[in-house]
Amino acid sequence: MTTDPIETVGVGMLGYSFMGKAHANAFRTVGYMMWPPPVQPELVVVAGRDESAVAEAARRYGFKAHTTDWHDVVTDPRVDIFDNCGPNFMHAEPTIAAAEAGKHVICEKPLGRDADESFETWRRVEATGVKHLCAFNYRFVPAIRLARELIESGELGEIRHYRARYLQDWITEPDFPMVWRLDREQAGSGALGDLGSHIIDLGHYLVGDIASVTGLTRTFIDDRPGGTVDVDDAFEATVAFEGGAVGTLEATRFARGRKNALSLELNGSNGSVAFDLERPNELQVSVPSLPTSVDGFRTVSVTESEHPFMANWWPPGHVIGWEHTFVHEIHHLLKAIAEDGDVEPHGATFRDGYRAAEVCDAIARSSEADQSVDIRYRSLEVRV
Amino acid sequence: MTTDPIETVGVGMLGYSFMGKAHANAFRTVGYMMWPPPVQPELVVVAGRDESAVAEAARRYGFKAHTTDWHDVVTDPRVDIFDNCGPNFMHAEPTIAAAEAGKHVICEKPLGRDADESFETWRRVEATGVKHLCAFNYRFVPAIRLARELIESGELGEIRHYRARYLQDWITEPDFPMVWRLDREQAGSGALGDLGSHIIDLGHYLVGDIASVTGLTRTFIDDRPGGTVDVDDAFEATVAFEGGAVGTLEATRFARGRKNALSLELNGSNGSVAFDLERPNELQVSVPSLPTSVDGFRTVSVTESEHPFMANWWPPGHVIGWEHTFVHEIHHLLKAIAEDGDVEPHGATFRDGYRAAEVCDAIARSSEADQSVDIRYRSLEVRV
Amino acid sequence: MTTDPIETVGVGMLGYSFMGKAHANAFRTVGYMMWPPPVQPELVVVAGRDESAVAEAARRYGFKAHTTDWHDVVTDPRVDIFDNCGPNFMHAEPTIAAAEAGKHVICEKPLGRDADESFETWRRVEATGVKHLCAFNYRFVPAIRLARELIESGELGEIRHYRARYLQDWITEPDFPMVWRLDREQAGSGALGDLGSHIIDLGHYLVGDIASVTGLTRTFIDDRPGGTVDVDDAFEATVAFEGGAVGTLEATRFARGRKNALSLELNGSNGSVAFDLERPNELQVSVPSLPTSVDGFRTVSVTESEHPFMANWWPPGHVIGWEHTFVHEIHHLLKAIAEDGDVEPHGATFRDGYRAAEVCDAIARSSEADQSVDIRYRSLEVRV
Amino acid sequence: MTTDPIETVGVGMLGYSFMGKAHANAFRTVGYMMWPPPVQPELVVVAGRDESAVAEAARRYGFKAHTTDWHDVVTDPRVDIFDNCGPNFMHAEPTIAAAEAGKHVICEKPLGRDADESFETWRRVEATGVKHLCAFNYRFVPAIRLARELIESGELGEIRHYRARYLQDWITEPDFPMVWRLDREQAGSGALGDLGSHIIDLGHYLVGDIASVTGLTRTFIDDRPGGTVDVDDAFEATVAFEGGAVGTLEATRFARGRKNALSLELNGSNGSVAFDLERPNELQVSVPSLPTSVDGFRTVSVTESEHPFMANWWPPGHVIGWEHTFVHEIHHLLKAIAEDGDVEPHGATFRDGYRAAEVCDAIARSSEADQSVDIRYRSLEVRV
């Protein structure tokens, strides 16, 4: 039983559509679902461009205030955490400003529109000393955390292969109109930064540093109602990790019939795991069995109280939704704030956000140059 | 955009463990996730037997008050909805009292410990004129609602078969101790009322009235640490519906490896559907295809905005969790309250709660008598 | 290496359509695929009603001769094994005649059109001392044999549940015409004897004697082009085994979208297995795992050389087809003949054929009487 | 009915282990299963290095004769078809000799140890005018042929993605000994030629000419009992097709838990298909559906009589095995011989064998050079 008082932290948010909704839901849920919370979040203020829409969002999600000027958020003394759910081109400036105003910061992925912008964001935020988290929420799928635990414990042995793909189909039709995600100025890149960054980050999280990539990007449809697409619709890549593993990476928005199909498989010298986001509560696990005649991939329902995060939820077999990866993620950050602990290794920091961008850029460069590209992650130490 | 004021309704709850947590989560989520809500729920008071535990529950879920005496809840003038999440033996009396005090009522399933208690609860609550809902939440799985829509639209044709099973394994081990769910006095029945009632209710919802059943119940382990089990561990049944469909029903707590495996299949003259609660965002659908060479069961990801409930959630392929069936269910009740509309046909009322109990009892009687038992649903009209 | 001479046995067959083709393929394959064979089969003579069709069948499958009179087969001195692939009403008389002429006999299932005919066939054939096999070929699916081995070894513990269903859809359309399988005089029963007998036999093979059943049969469409259906289109049943297990049995020809969907699941006190004939090379197995966090049903590819029968075939992961269950079955009989060994327990004898018919009849009687029916298997000893 | 005489063709074979067994089974089965056969094969002579083993193989599979000198086969006047099932280093010389002796030739894949050897084999065999077939048997999986038909008919629209992988795990253990498949002199390459050639050939068959590749090869374990591995254990590649599709290719012998997992997916502008060799009788198909709410990948059981090849086999839902891809393939060749027709486009010729080798070599060169490699298929016309 918990009777201790629980401190509160104020949350200011930029953006209120898809990601804003997901983050708001997480802030509203974490405080009672992962009980007792390290600190209790309070929704202070939300910023957006459209006055009436942001007003409604504030009312809907329970923010005390709203504004059409994000500067109001980063300067608000009630705000302890700044959560950037805006479009990619709005990531760097407000996030840096918030950090420099002393706010802890969350930023949706991709951190920046390219490696340089991402690096700069990391550099300036890191310098402030605040906690920072890049919202690679798939690290917080219980099945993914379980995969990481199996790798760390040595159950899978030395990792030889990592193959990952992220398939969607929402722009398959030629009459799908131009949106900001298809515009380089606003989005930075297409499937690469939007989808590819997730599977690259998971590669970093589950396998380790990447040594080199080869890549191939494609834009299948340039002319769309309302504008010209100048980002990639899809990319294909091979990847070699520093630790010796090799694999393929792929993302596309043109995989007809695949809605949100992030799937990955790791093969180690002693075992394998496979994951599919369309069945997110399951992990396929192959490890040696006795008797060997009943060896095979196990469909593990990652819903037992002994599984990562799941003691907070329901009895075995009661699956949780995609949206609750954010609850785990926000909890992780709140804990780091409350205890002044590290966001890493389980949370993705802006360093991780930058590193994913570095690999995305390398894939794009490889595609242009028809050459393999070695990954040279920049570090802050080197720059100083 | 919504700027109209949203009225509030006060919620009083009995119980705060598994089901109480699920319902509290739903009340806290519905107001912003299914926006704008018909009315906005406020958590007023929660009752439970253990003073410190109920105090903590109130603090955790945000109830304004707590009590160890449920009478306080049903008499509280701030309470508009009484939500009974207590154990089975606590269903009838508080629920009836609440209704007679003018509160709308929700009661967890099974409505009563047997058909008589369930009927009496329905009769007395119905007489008060309040809204009543028996929490058969699986009616509110989007995939189940989609199945119902396919049946209603005639896409599946005349239904010939309904086969359903609900498999768990939590008491497989002989040293699992005695709990209230294994005691007839407190629970009424075992797998029959707990799990069977769900698949019977879905049979009512998807197929219609049941004409007769044959049944077989079993208790595999009587002696457990802490007491003697006097309810069924499992049941097997055949079922004939008034409309001509036939099938099997089965539930058990002894299916090693099955955690929460409610699965069902319907075969109609023109199509079939199959559902598995361990993959709740999918519906398997077989309907005629062109060209016929690509006919086959379709794995429908029930996550499109055109699918039932899903416009409130996320983009396609982003699955929701088990817990959100309750959000849909509570929303359904709030709407009926706000508009003074009917809970039926999509919501289960206490009539449905009673009718499921009638079939459960018939299966038990069939098992005792080694005979087929015809179902004679009682109606309130007949009794008056 | 094998240089010993291999004796031959002559095979005479009745029937040459679906089952005749499957058996002929098996006789032609067993001699080299399961090398060295205990004896080498030679296709001597095939009988059928249509002169030109049976002549072509003989030429196609390599029988030395053909005839339109089955008596020619059972009296042919070159014939050592009589294989009855005729329709149900042609099972008893020729098979008994062959046995009484000293031929070993194989008979397709169901052995007879009812329990009495089946018993009489068993009784008279057993009296001759020849080997007899009732072609319940699914005992010879490697995954089913593996399930049996897991049960025998105690890996699954005490069996609590057996649920099995066999779903097809070939007569769903009302304009599907009358055929012999829909006529009681020729077929004996419908889905019950044709499909139900398979899952009942597997129940006998995997679990043991049946104590009692309740049943429900249905004919959905009586009038068809060309005649009136007087057999069951579907049945539903509950089953209680002598050993304490309970379950459901079901078969239908009206499950739209299910082509040949025999699926079964067994739950024991220590483990479970599940099987689906549409993926016949897989067995789903749940047995305790270490670490427990990776517990789950394993998809066992039953294609390893250590698996039953598979050392005769291909490297791991190379699946075999439905048709090769008959190769294993025929091999089993040839071995029993060559070594004068027992067909049981792995092969189904006419005793097993009779016993399945006894349960089928009991399900039909239960449906008529609306009562549970106890199974009283007749034995030959009792009759003598 | 067929009463016409059926001509025979004599078959001579080199090799009698895994592939020899598969081909012998096909020759023995095709004549009655795909009735009436275009010509009836007769097994004339088999060659192998070990006298007693090849003698037993001849006896087992029914060859009239055996020899330890393959020259005996290619000069035998009774031999019309020479079937080379020997190891890779034994492909070129005997096959060319047989063709130059006027025999039609089948050669297992990879056609040669590299592109040059493959090209030379093609060139010399083509010059003789005999029929030639490179045994890429997966073209003859009914589900793959169905995929091709869907593509040809335009059902899938313009193909955007082809992703394919072929995963095995048989050399995962470091103590697995040296075998010829791990030796460059004998095998040419490792996973690339053995497994990669299959998915490259399927890419050619289903999508078309390849424009360029990037590749990455790895040897995880060099030192093995009995020798040093000098071929690749795995490769990763990106691929760009002439027609605009892009994708990834991958094969490995180190995917713990994957036995024979060839899986591929194609995404077109109008539909997608996915295939997994471990469930070879199924094709996953996504094409637009009405109503759209039941859109989803369909699990097509490719076992209907209307499906490719399946009218020769069993009723719907009765799956065939891996081994029967060879029956279809051999039938295809026999028909081309009987009718003096083309082996292409459905059968792979030596041209296809060479073209797959050209791509394999390009992947290897790309790995060495860290550069993208354009594919320049050589043609015979150019050379002449």
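Things to note:
By written order: A, B, C and D. Residues from 1 in each chain.
Keep in mind that, in the parts below, contacts are C-beta pairs under 8 Å (C-beta built on N, C-alpha and C of every residue); 3 or more make two chains touch, one makes a residue touch a chain.
All values derive from a computational prediction rather than experimental measurement.
The greatest centre-to-centre gap from subunit C, using C-alpha centroids, is found for A. For the pairs B-D and A-D, the larger set of C-beta contacts lies at A-D.
In terms of their C-alpha centroids, the spacing between subunit A and subunit B amounts to 35 Å. Inter-chain centre distance (subunit B to subunit D, centres taken as mean C-alpha positions): 54 Å.
Inter-chain centre distance (subunit A to subunit D, centres taken as mean C-alpha positions): 41 Å.
Of all residues in subunit C, those touching 2 or more other chains are 258, 295-297, 301, listed in ascending order.
Residues 160-161, 163, 165, 167, 169, 172, 212, 214-216, 218, 220, 234, 236-240, 244, 246-248, 250, 252, 254-258, 265, 267-272, 286, 295-297, 366, 370-372 of subunit B are the ones that touch subunit C when the two sit in their complex.
Contact residues of subunit D toward subunit C in the complex are 1-3, 18, 22, 24-25, 28-29, 32-33, 35-36, 52-53, 56, 59-62, 168, 170, 258-261, 277-281, 301, 303, 313-324. On the subunit A side of its complex with subunit C, the touching residues are 146, 149-150, 155, 283, 285, 287, 289, 291-301, 304, 306-307.
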